[in-house]
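Per-chain residue numbering starts at 1, and chain names A, B and C are given in the order in which the chains are listed.
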Amino acid sequence: MESILVLTHADETGSALNNASLEAVTAGLELASRLNAQLAIGIVAADATALSKCLPSEGARLLAVSGEAFAQARYATDAAACEALCRAVQPTIVLAPASSRFTRVAASVAHRLGGFIDTHISSIGGTDRVEATRWFYRQRVEAAISRDARPWFLLLDAGTYAAFAGATGTAQVEQVPVELPALRTMVSGFRAPTQGAQTIRPDAKMLFVAGAGWTKKQPDGQVHATEAGELIVGFLAATGASLGSSKSLVDQGGEGNSVLPFLTHLNQIGQTGSTPRHAKGLSTCCHGEEPHVVGWRFIGDRRAISLDPNCGWTRGKADVVYVADAFEVIAKVNALLGAAKA
Amino acid sequence: MSASIESSTALGAPGFDSETWDTSTVDSPAINIERQTMDVDIACVGFGPAMGGFLTTLTRTLSENPTDPAFESKAMPGMPLQVLCYERADDISSGVSGVVTRGLAIRSSFPDLNPAEIPMAADVKRERVLYLLDPVGASRRSALLRLGDSLLGLGGKLVGLKDHAFELPWTPAFLNKHGGLVLSIGQLNQWVGSQLMASGMVQIWPGSPVAGPLLTDRKVEGVRLADQGVDRAGAPADGFMAGMDVRAQLTVVADGPVGAVGQALDQKLGLPEGHARREWALGMKMVIELPEDSTLEPGTVWHTFGYPEPEIFGFLYVHPDRLVSVGIFVPSWMSDPSRTAYRYLQHYIQHPALWPYLKDGTLRSWGAKSLEESGKHGEPFLSGDGFARIGENSGSTNMLTGSGVDEAWATGTQLAEAVIELLRAGKPFTKENLAATYETRRRASWVEQGAEEAQNARNGFQGGIVQGMIGMALAGLTGGRFSLGGHIPPAHKQIAHSQGGLKLKDAAALALADGRPLHDALLTARGWPEIPFDGRLLITQQDALLLGGKVQAMPGFADHVAFRDPSLCIACPEKTCIAMCSGQALTWGEDGVPAFEREKCIHCGACLWNCGQSPDGEHSNVEFRAGAGGLHSAEN
Amino acid sequence: MPNALHIVVCAGIVPDPLQTLEPVTTAAGPGLKNEMVLPAVLDPWASSALYEAASLTTKNPGSRVWLVSLGPKAKLQAVMMTIAQKVAFELVPIDGPIGGFPEAHSTAAVLAETIAALPGLDRSHLLLFGGWESATRGAGVTLQLVGEILGIADQFQGVDQIDLREDGSFEVLERVEGGKHQVSVCAGTPAVLGWATGGLAEPRNNPQIGMANMRTIMPALQKAKVAKLEANGLSYVSVSLPKQQRTTRVVKDLSPDEIARELVEWIGAE
């Protein structure tokens, strides 16, 4: 019989579990129910007791590794914490969120346990045996995999399960002791991109995709990068959308072209960028095929403004394409949104 | 031991040494540049079939006895011969084409060649020549052709007409590729190149455009690589690195029909008396994966003519694994100033003789390249002090047989044999020594015999398709003893400056209405049906670039297309360069000079000869320099 | 030379991102159609790692860079032709399968064994570099596993910057959620750094670097050891292209005003 451990950790504030962890809890509950397996949930946090109140009140054994050393994400401490939780539970399947914190350590923990790991899991299914679905080649190929070997670690991509929202708050938490190695790394904090305001908003409802067309010559034969920048920033401010961009646009910095100052490589989506998850997406001035369009693989409702209705970003990929000049349309949209706020 | 290094300072614009380059048309600031120098024995430019033949033959001999003192490096004493090859494309398999070839020279280098070893290669099994009628009614056909078409139509099945196509009862011997090979040159290059690299006797560097030859008087002393870290105009920018001077005792020029080194040599040394490069064609094609139930056998070869325009020849070659190369040639003698290739290719694949085989296929690749079709008329000086020219840029393509790859490979092997002979004899690579060894071999070979037979075979095309076909048949069937006479004007004069039925006004209105390019609108205005885009094989030109060409341009290189005299562009009413630009990299510029986008250029070189203006009466107003980037498909 | 570094860059080869990819089933398991025909490049993130390694080496005399790469020998050779002109390195090729489907733990074991056996490598000065994920398997675990097998206790993933200090310690910026970087200071080598984009542009092609590299690359390729990778109980149930074809409504005849109104309504809708 399978035995499942879900690993969770605190968010940046330390006072709550992060959303991705709660999604992993949902996945654990579902899988345990389907396999009729034992379920345990492990917490890594400075003060795990407080966080346990976010977790199911029954049906799962709760364990925690607590202490100031776990207030921050760090390889040595997090790996030791996860290892201790695994050794305490002896699970056959370990589920964890693919947060930056656990992505850093999960493979090593699997190795320490003599187990194996698969990551970027987008769903867990199978009837006779556990089968997990994940992406290869930067979201361009999808595969269902299975493993005979145990323990099997599965790192779940954010957004693939709903965050746990069941009854909480009464179960006891077992504290698991950890012996830490000598620490050679100190975490001193966070740094936001140096250029301009933060434009990456993972929790936003909408992704706004700016393509290289914004900095190309417009019908009057001129480049209007400043105006493009103002329109994009205006739209982001009015909608709270997150900003994604194509590789060709973020790469322009090195070529002496007019570039949009608030864009960095962190904004890049697609083949060699990120594939964020948002409910809606609006692409503007984008043109590209499969390698680029994977950038909005996980966008729910997609619309595009493009002068070419047959372009790869639009045909078969968007729900609606407006054949129009994005400069004109976004200016009007911003005006309407501004008027609505006023 | 490292390469010997020294620094030199040249006063001039980056990439254009004032001593060796005509700087009069380069609009760049004059600056002092520290330029590094490297010494090698043989510097090679361009990796294609000619270079494949050269390096294969050379490295085999070097490998037989690497310590042979005859093959000791003079640039680096104690080391074996230092042979470096620079290729401008991002990969040695990028940006070249699929062909059918008799493969005589290739099989001679690889007597035990098994085509199965080379992806996409197959033995030629079956050849057909098809005359395609116009099922659409938009083709610009003469009254004579229309009459012929009507008669064929009346004859119908009785004369073998099927799917608007008439199959010639036999393939003329001069076109016959029996016993030959269907190849992807990209894959052939990769196959040959990997063997060469593995030999350890030669280094091949893709992504390394060569700006031009290092020329002192009439002696080539090596090559200069293109500057990196420059802006579009060529001025130093972030991460500037001046292109290195690679000094060599012998420079082997195999940079194709529009290569920067070949062009510079033509310009500086001139061509032999009476020679000129005036005949060109653009080959554009798709590589399509056929549906699983396809009945086309690998090795099937179709040659077509008659559609989409009478001047446009077409082809279909079937590779293994249900892959097919299908495409057209648009020649310089097609005088239509609005001639274009992409839109015609879309109409071509929809012809009823082809479409049933293709319609359920998937686009794998797309590309285009210029073909230098002057043959002997355009042959340059094959060698000189410190240099030798092989392959297409040496005028080796045989336009009677429609064969270039085999000839190119053969000229490479001939040069390699000559180089080995000279090295063994301890003789330098002088004009006389190269003439006595390389040129003598070439003149005595089947390449030369074929070139002589083909020399005047295509003269008739200046008078139209019917005259041209008669002339070609005459030369082909008599081994070149008889041919039609004819004057071939410079390429820019082959573009008619006024032509009836252009429907410019209608086209302009259409282009304004939906933003499409003017040349595309022209075809619609002339009665060509709109392309019913399906997102698979029927796609916009931009999507062909993305889906099939996978075009990319590395930042940090200068624009490689420039216009010598902008006033000529402003005054040019046709701007055929824009209509024929394979990648839509040239567009209407606001000041009347076409705007160039390097990121869309596939380096086909069509703009060079599709320019109706000339500052000197012979050459066009387009300057096509060395540049990086272009197609990223190995299946071409 | 207190900061002389021994940097080992693990870098796979991947299909040129511009290529069309289609999965097929082969005798050896899943693969890509025409896998050996597709042009290949050095993995984009691992390339960042290589360029950062070269940059560190020029700033810290006495340092060395090894490039450990597992892939079919012929493909490795082809990729070397495009990167060997960029930065100086010693190639350690391992002749093995191509692509994203081989098992990661098995790959890591081969890499770790190779690195442990590198002649002249001082593991106390080791910085183990690589991409934070590959563009093939995209698992983001191989480098961690190599580090763990080699017993390295400090690891960083999604790295965009490293600043080496005179005392041998270094500050690292790692990508975390929300477009931010986590800032850490590590006491010194050895450490594992899985790179994201980094901050360096792709270096220019330098023929002299290429010529020098090739003298060691070709002999190394000829001597490349052959790796056989185990499945470790991993099996593929199915491998397919995602079916995400949508029915696209093309709106051609609306004015910018009308489009803007429709969009604003759509943006506000739940």
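Here is the rule we use: contacts are C-beta pairs under 8 Å (C-beta built on N, C-alpha and C of every residue); 3 or more make two chains touch, one makes a residue touch a chain.
All of these numbers come straight from a predicted model, not from anything done at the bench.
Asker: Could you find the two chains linked by the most C-beta contact pairs?
Answerer: Ranked by C-beta contact count, first place goes to A-C.
Asker: Could you tell me which chain's Cα centre is nearest to the average position of every protein Cα atom shown?
Answerer: C
Asker: How many Å are there between the centre of chain A and the centre of chain C, using C-alpha atoms for each centre?
Answerer: 20
Asker: In angstrom, rounded to a whole number, how far apart do the mean CA points of chain A and chain B lie?
Answerer: 47
Asker: How many Å are there between the centre of chain B and the centre of chain C, using C-alpha atoms for each centre?
Answerer: 36
Asker: Name the residues of chain B that each touch 2 or more other chains.
Answerer: In chain B, 238-239, 547, 555-556 touch at least two other chains.
Asker: Spell out, as numbers or ranges, the residues of chain A touching 2 or more other chains.
Answerer: 254, 315-316
Asker: Which parts of chain C, given as residue numbers and ranges, touch two or more other chains?
Answerer: 18, 20, 201 - these are the residues of chain C that touch more than one other chain.
Asker: Provide the residue numbers of chain A that touch chain B in the complex, in ascending order.
Answerer: 216-217, 220-222, 248, 251, 254-256, 287-289, 307-308, 310-312, 315-316
Asker: For the complex, give me every residue of chain B touching chain A.
Answerer: 231, 237-239, 515, 533, 535, 539-540, 542-543, 546-547, 555-556, 589-591, 595, 597, 599
Asker: Show which residues of chain C lie in contact with chain B when the two form their complex.
Answerer: Counting only chain C, the residues touching chain B are 16, 18-20, 34, 36-39, 74, 77-78, 81-82, 85, 201-208, 210-212, 214, 218-219, 221-222.
Asker: Of all residues in chain A, which touch chain C in the complex?
Answerer: 73-76, 99-101, 103-108, 111-112, 116-120, 126, 131, 135-149, 181, 184-193, 198-202, 206, 239, 254, 265-268, 271-272, 280, 282, 290-291, 297, 301-303, 305, 309, 314-325, 328-329, 331-333, 335-337, 340
Asker: Can you name the residues of chain C that touch chain A in the complex?
Answerer: Listed in rising order, the residues are 15, 17-18, 20-21, 23, 30, 32, 44-45, 100-101, 103-105, 135-142, 144-145, 147-149, 153-158, 160, 171, 173-188, 196-197, 201, 232-242, 244-252, 254, 256-257, 259-264, 266-267.
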